[in-house]
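Take a look at this one; I'll ask things after.
Labels A, B, C, D, E and F are assigned to the chains in the order they are written; within every chain, residues are numbered from 1.
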Amino acid sequence: MYFDDYEVGSLVKSHGRTMTEADIVLHAGQTGDFYPHHMDAEFCATQPFGQRIAHGTLILSVAVGMLASGDINEAAMTYGYEAIRFIRPVFIGDTITAHASIAEKREYRKNPENYGLVDEKVEVLNQHGEIVMALTHIYLVSKNPHQG
Amino acid sequence: MYFDDYEVGSLVKSHGRTMTEADIVLHAGQTGDFYPHHMDAEFCATQPFGQRIAHGTLILSVAVGMLASGDINEAAMTYGYEAIRFIRPVFIGDTITAHASIAEKREYRKNPENYGLVDEKVEVLNQHGEIVMALTHIYLVSKNPHQG
Amino acid sequence: MYFDDYEVGSLVKSHGRTMTEADIVLHAGQTGDFYPHHMDAEFCATQPFGQRIAHGTLILSVAVGMLASGDINEAAMTYGYEAIRFIRPVFIGDTITAHASIAEKREYRKNPENYGLVDEKVEVLNQHGEIVMALTHIYLVSKNPHQG
Amino acid sequence: MYFDDYEVGSLVKSHGRTMTEADIVLHAGQTGDFYPHHMDAEFCATQPFGQRIAHGTLILSVAVGMLASGDINEAAMTYGYEAIRFIRPVFIGDTITAHASIAEKREYRKNPENYGLVDEKVEVLNQHGEIVMALTHIYLVSKNPHQG
Amino acid sequence: MYFDDYEVGSLVKSHGRTMTEADIVLHAGQTGDFYPHHMDAEFCATQPFGQRIAHGTLILSVAVGMLASGDINEAAMTYGYEAIRFIRPVFIGDTITAHASIAEKREYRKNPENYGLVDEKVEVLNQHGEIVMALTHIYLVSKNPHQG
Amino acid sequence: MYFDDYEVGSLVKSHGRTMTEADIVLHAGQTGDFYPHHMDAEFCATQPFGQRIAHGTLILSVAVGMLASGDINEAAMTYGYEAIRFIRPVFIGDTITAHASIAEKREYRKNPENYGLVDEKVEVLNQHGEIVMALTHIYLVSKNPHQG
């Protein structure tokens, strides 16, 4: 799918995924972040949220992964992310879904003839329909070499 | 460490960590992203980089984790990330290190009396000293309640 | 243990093992199968079983593994599996046990002098004594080189 | 996709995936099968294959998982597997791909009005194009309730 | 920190960490110890403790790891452990903390000019303040080369 | 097997197991010990051993696990470990085997009528036949209730 094929406003939704205690344990193990906010139920019981919360990078990684499970677009690559915000905590047992919509198409100034930038707005929702995380995923997308 | 205690320019460096094939396998398993760019050595041999590359979210998660292994600052929480850029690929066997420096202190408009925003510039370097990823980590930091 | 040493009817039982949420998360991570039937508790609550179910290949792999934890028979190798049936779902928290009995000994037509085929009937039971999976494990077994 | 929508002969191919040492370590850990054929490089160096080989249930699980990464067909569920054969060993570093074709459609005698059986022939190939594993995946598929 | 810098009596406490079902599953997978005391909830319900218990080596490994998360002392290396005792079982959901105090400084007879031995007494406590494990961690520590 | 059934001098040997990079990554993840001696190949290249070394607790846990893979002796439980010594480093790719021999039988003073202590000497060897770790595993073993 080339740059011209992207349409602002089109929306995709991932499957849902329940975030488990095992996911948090595995993410601590992958990153080395064993902060008690994620790992110590006794400490968390004394804190405002009252329970362990998932790492922000876990929710981000899973959200991006859930949206990457479909067909591969060989013409697009990740350029970066912007405006990542952790809006609500994700607790053990919460089920999250990622919604992605094309928000904007922009010129790629370094090479405008061959590439464009596509901003995809990603929102991660929990089972209550509340947004827990938001980000903008920027893709660098090839222009169709067969079109003027 | 309260908002007033942060000094623009101060720098910390993480330990290094070699990114292994096991890390990529585990990150695919955590996120569900089994794209051949990460998982298929035969396919990758036909691509420009010639070999499998680490997921962007893996490098991001590990970098944030490496910087989170020291003391916990109870007065600070992650507000979000900005300007995440994947500048060079990270290959199996590369060793990465994260450098973090306080770039800016800003007013938190929603509650300027009690909180401020601290922008930490994070750069992830490989064993050649090349920057492979950069991001800005924004912290929401309490102001010292005992100071005017 | 050579082909002649196998006796039709002999039975072995594995230890029990409780299938955990962590096992399902790890199996999804190993296989890439993140279907909501295994991973999305909210979706599953709307389905006939009402809860997440273990992957069939997880139960199969664990059952074969539970039976492989004893002594190694160097004279036998796995030839294949037949008649794998997933009879009942396995839920998080169910405890399974594998029962294996020698069902039949057969000629190995490609090399009848040196090998024979042994059909082992495997049944996997849950804590209620219900069969959740059944299969036939076929072994290719050497004949005793010291016997006529 | 209902029973009538399946066409004998249609073929799908998965992405490729390189089987790593980490995959074998994780599969041993999931199943409890630490036999030296999978885990002991020194022992394996004295054996005919000369190196560690992947568990059969690992290849089976990954193959099924690779084919399950696309869209979900809510009208089909796994009924069982037949004729699983481990034809060649898979070594660390081999890249496997799964090919699946519809081989046969059959009556489901217990409930022929509402369901049919679909036999999908699965072949797993390594990077040399050799078949390493074969199996028949049987699906129980609903018939279209809106058709006579 | 050189041998002379250690002070008998000084105490450090780790953060807490809740031991999860996932930790036990992962430790069984790492070690190959799938004994029903750790893995079979049905069997455990018939035993004196009434539930699954964590592997001793899991508690030991986590305790040592929790104490190793701070700064690295390049002058010290692990010489060995003594007097490891598993005093109470650790159940799924228990939160453990490790307390370490310098108990004794001793001569290193093989090379008393350059090294000394430091005995660190480690106690692992659960959320009730009960000691679940104790051990002595022996460090071989360099003497300050710049001091007489 | 009751206390009287143990014979001083009897020896068992485990299967071998190759310690992989994945094992080290997983052990760091389980324990939170990401020290560069285990995780940073660049740093290790500047150190005396020249390469990453396995965590001591990994070798200990695997050795105990390798010896726990056979039949369960319901009459024995782990009382503790003594004299754990890390004699040589274990590198990625080394294959270890555990040898266990009954070294001594001792009175259990708290309850000499019903229990005795059995000291099992465990040595872990690498593929060169060198001892890399040694420990004494103490079992508390029931006396046969049917014997005087």
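In this section, a residue touches a chain if its C-beta (ideal position, glycine included) is under 8 Å from a C-beta of that chain, and two chains touch if they have at least 3 such contacts.
Keep in mind the model is a prediction, meaning the values are calculated, not measured.
Copies chain A and chain C of the same chain sequence form an interface built mainly from non-equivalent positions, shared numbers / all numbers used being under half.
The most distant chain from chain E, with centres taken as the mean of CA atoms, is D. More C-beta pairs touch across one of E-F and A-E than the other; that pair is E-F.
More than half of the contact pairs of B-F, counted by residue number, reappear in one of A-C, C-D or A-F; that pair is A-C.
With chains reduced to the mean position of their C-alpha atoms, the one farthest from chain F is A. Chain C and chain E have CA centres that are 38 Å apart. One inter-chain figure worth recording: chain B and chain C are separated by 43 Å, centre to centre, where each centre is the mean of the chain's CA atoms. The distance from the centre of chain A to the centre of chain D, with each centre set as the mean of the Cα atoms, comes to 30 Å. Of all residues in chain B, those touching 2 or more other chains are 15, 20-23, 25-26, 29-30, 32, 34-36, 66, 69, 72, listed in ascending order. Touching chain D in their complex are the following residues of chain F: 15-18, 20-23, 25-26, 66, 69, 93, 95, 127. Note for the complex: chain E touches chain C at residues 20-22, 25-26, 29, 34-36, 39-43, 52. Within the complex formed with chain F, the chain A residues making contact are 26, 28-30, 32, 34. Every residue of chain C that touches chain D in the complex is listed here, in rising order: 23, 26-27, 30-33, 35-36, 55-58, 60-62, 64-66, 68-69, 72, 78-86.
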